[in-house]
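The two complexes that follow have subunit A in common; it is paired with subunit B in the first and with subunit C in the second.
For the complex of A and B:
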């Protein structure tokens, strides 16, 4: 991957992520900001370091992307943060949720729908590509096992991946987590080619 | 009784190791759809492990990737290195761990069933290497961690939110 491709990709992910957070703010009625957005390349053998080790318990919300080309989106949280999110989404007092119920899963799935749709539509708007999110799947397990879901697809192309890690915060709620965007080589190329003549600075 | 200080050697995705150092513990953490090939020769006191991600190297869309992430390439690699360190195939005790189905929904993409396919490919590769499978902990929908102590050949499997089982 060249620096030019990498820079363009970073811009697109930044654009999509900010739009996703504004969608989430609309959904919850609470202002949610992107506190930190880090984009980096990492060998897949070390991917679980992005989440404090492969045995760390995590809640994952997973979506695939189809349309002009394929990719994957994964949101990962420590369980206590996923529970805080459920409180926020359900309008419950902080600390009300302490396990993942069917209702909580469904709320997190809805959040995945909103984030996926807003993220992809922002990128689709500037590139002219068709990018469609799948229904989200909510999983809870060791982080390494959740990473396996995305790794199998990525490793068909190469041994390293491009990870976008986002920390976002809402008023009074500590909801930092990892939002990973994993394009196939085909999608990366399509995004960069389609957006080459487009200015991405303004939003 | 002699106490040996042990050190864990964590194998990431697509990594493998063979050891005859009694201080080593080979570990694959958080296996989801991945399968760990775990092998031990109790006479030679040599053990090996591969943390395998995909069933078949013919799936690769690029030639630049490492071989050990594929089941069909990793198992012969480990077996060859075991033999180089004095292990014999007829004494090798093999366990296969992992291959969970992490996604519950049925989706069109073939990669969704990667756990099942990894498990099947591993069984075939073990048979092709003229080895016998002593035990399996495959399938299901939960992640696993597997550890192999080189000093004793003891293997333990643990799952998220549950205890360990020894084999």
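For the complex of A and C:
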């Protein structure tokens, strides 16, 4: 990947991520800030380090992207953070949720749907591409096992991938998480090509 | 009082939408995917439909086309987090009467239902 392509991809992800966090803020009624946005190429063996190691227990919300090209989105939280989000979404007092019920799972899935859709819409509206999220899938497992799910497709023929990893924090709440974007080469190229003729700086 | 069909695969969203629409004094019927939405429309003839786009089995856009084919006067609003211009245009071209972007509030749903039912 050239520096120019990398820069353009970084701009698109930054644009999409800011919009996604705005969607999450609207949904929860709590201001969510992007604490850190890291864009890098990473080998499979290192991806789970983004979440404190392969054996860390995690809740993942997974969406695939279809349309003009394919990709994958994953939100990952420690279980206690996922439960805190459920409290927020269901209007329950903090600390009310201590396990993942079907309704809690649905609330997290909807949160993933809003984040994924806001992320993709921001990028689609700039590039003119059509990017459609799948229905969300909420999974609980060790971080390593969750990463195996999302990396299976993009890493079929290579041993590293380009990931965008966002850490966010909710103001006044002990909430943070990781939002990962794993584009296929096809999606990466389509996004960069489509965005070459537009300026992202002012958005 | 009108009968409103709410089609969304997310139980959490159905719970929220149903509560809002019932508070507005309407009767609600529910569908959990596009196939169920078409079937419910055909059997219950609701006054309006609030339909999610991203659903399993049959997505909201396909369900919209089937409902419009069955009843060209059907009053359907698409409810989705996808604010992509191309999707909005496609939904309107397929017969949707309005488009609600999630996350929504009670006022927005009320305005849409007023528009659909009137």
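Here, the second predicted complex is superposed on the first by the 202 of 203 C-alpha atoms of A that agree within 3 Å, B and C clash if a C-alpha of one lies under 4 Å from a C-alpha of the other, contacts with A are read in each partner's own complex, and residues count from 1 in each chain.
Keep this in mind: a contact is a pair of C-beta atoms (placed from the backbone, for glycine too) under 8 Å apart; a residue touches a chain by one contact, two chains touch by 3 or more.
Just so it is clear, the model here is predicted, and its values are computed rather than measured.
Trainee: State whether subunit B and subunit C clash or fit side by side on subunit A once the two structures are superposed.
Mentor: fit
Trainee: Is A:57 touching anything from subunit B or subunit C once the two structures are fitted on A? First, second, both or neither.
Mentor: In the superposition, A:57 touches subunit B alone.
Trainee: Check the residue A:149 against both partner chains and state whether it touches subunit B (first), subunit C (second), both, or neither.
Mentor: So A:149 only meets subunit B here.
Trainee: Who does A:135 touch here: subunit B (first), subunit C (second), both, or neither?
Mentor: both
Trainee: Looking at A:185, would you say it contacts subunit B, subunit C, both, or neither? Reply first, second, both or neither.
Mentor: First partner only.
Trainee: What is the contact status of A:27 with respect to subunit B (first) and subunit C (second): first, second, both, or neither?
Mentor: A:27: touches subunit C, not subunit B.
Trainee: Touch check for A:121: first (subunit B), second (subunit C), both, or neither?
Mentor: Touch partner of A:121: subunit C, not subunit B.
Trainee: Between subunit B (first) and subunit C (second), which does A:113 come into contact with in this model arrangement: first, second, both, or neither?
Mentor: The answer is second: A:113 touches subunit C but not subunit B.
Trainee: For the overlay on chain A, what angle lies at subunit A between subunit B and subunit C, C-alpha centres, nearest 10°?
Mentor: Placing subunit A at the corner, the angle measures out to 120 degrees.
Trainee: On the overlay, how many Å separate the closest CA atoms of subunit B and subunit C?
Mentor: Once the two complexes are overlaid, subunit B and subunit C approach no closer than 9 Å between C-alpha atoms.
Trainee: Where on subunit A do the contacts from subunit B and from subunit C line up?
Mentor: Touching subunit B and subunit C on subunit A: residues 134-135.
Trainee: In the complex formed with subunit B, which residues of subunit A make contact?
Mentor: 43-48, 53-55, 57, 62, 64, 70, 134-135, 137, 139-149, 151-153, 155-159, 185
Trainee: Flag every residue of subunit A that touches subunit C in the complex, lowest number first.
Mentor: Its residues touching subunit C are 23, 26-27, 89-90, 102-103, 106-107, 109-110, 113-114, 116-118, 120-121, 124-125, 128, 130-135.
Trainee: Under the touch definition given earlier, write down the residues of subunit B that touch subunit A in their complex.
Mentor: Residues 10, 12-15, 29-34, 53-54, 59-62, 64-66, 69, 100, 102-105, 107, 109, 111, 114, 142-145, 160-161.
Trainee: Across the complex, what residues on subunit C touch subunit A?
Mentor: 9-13, 15, 54-56, 80-87, 102-103
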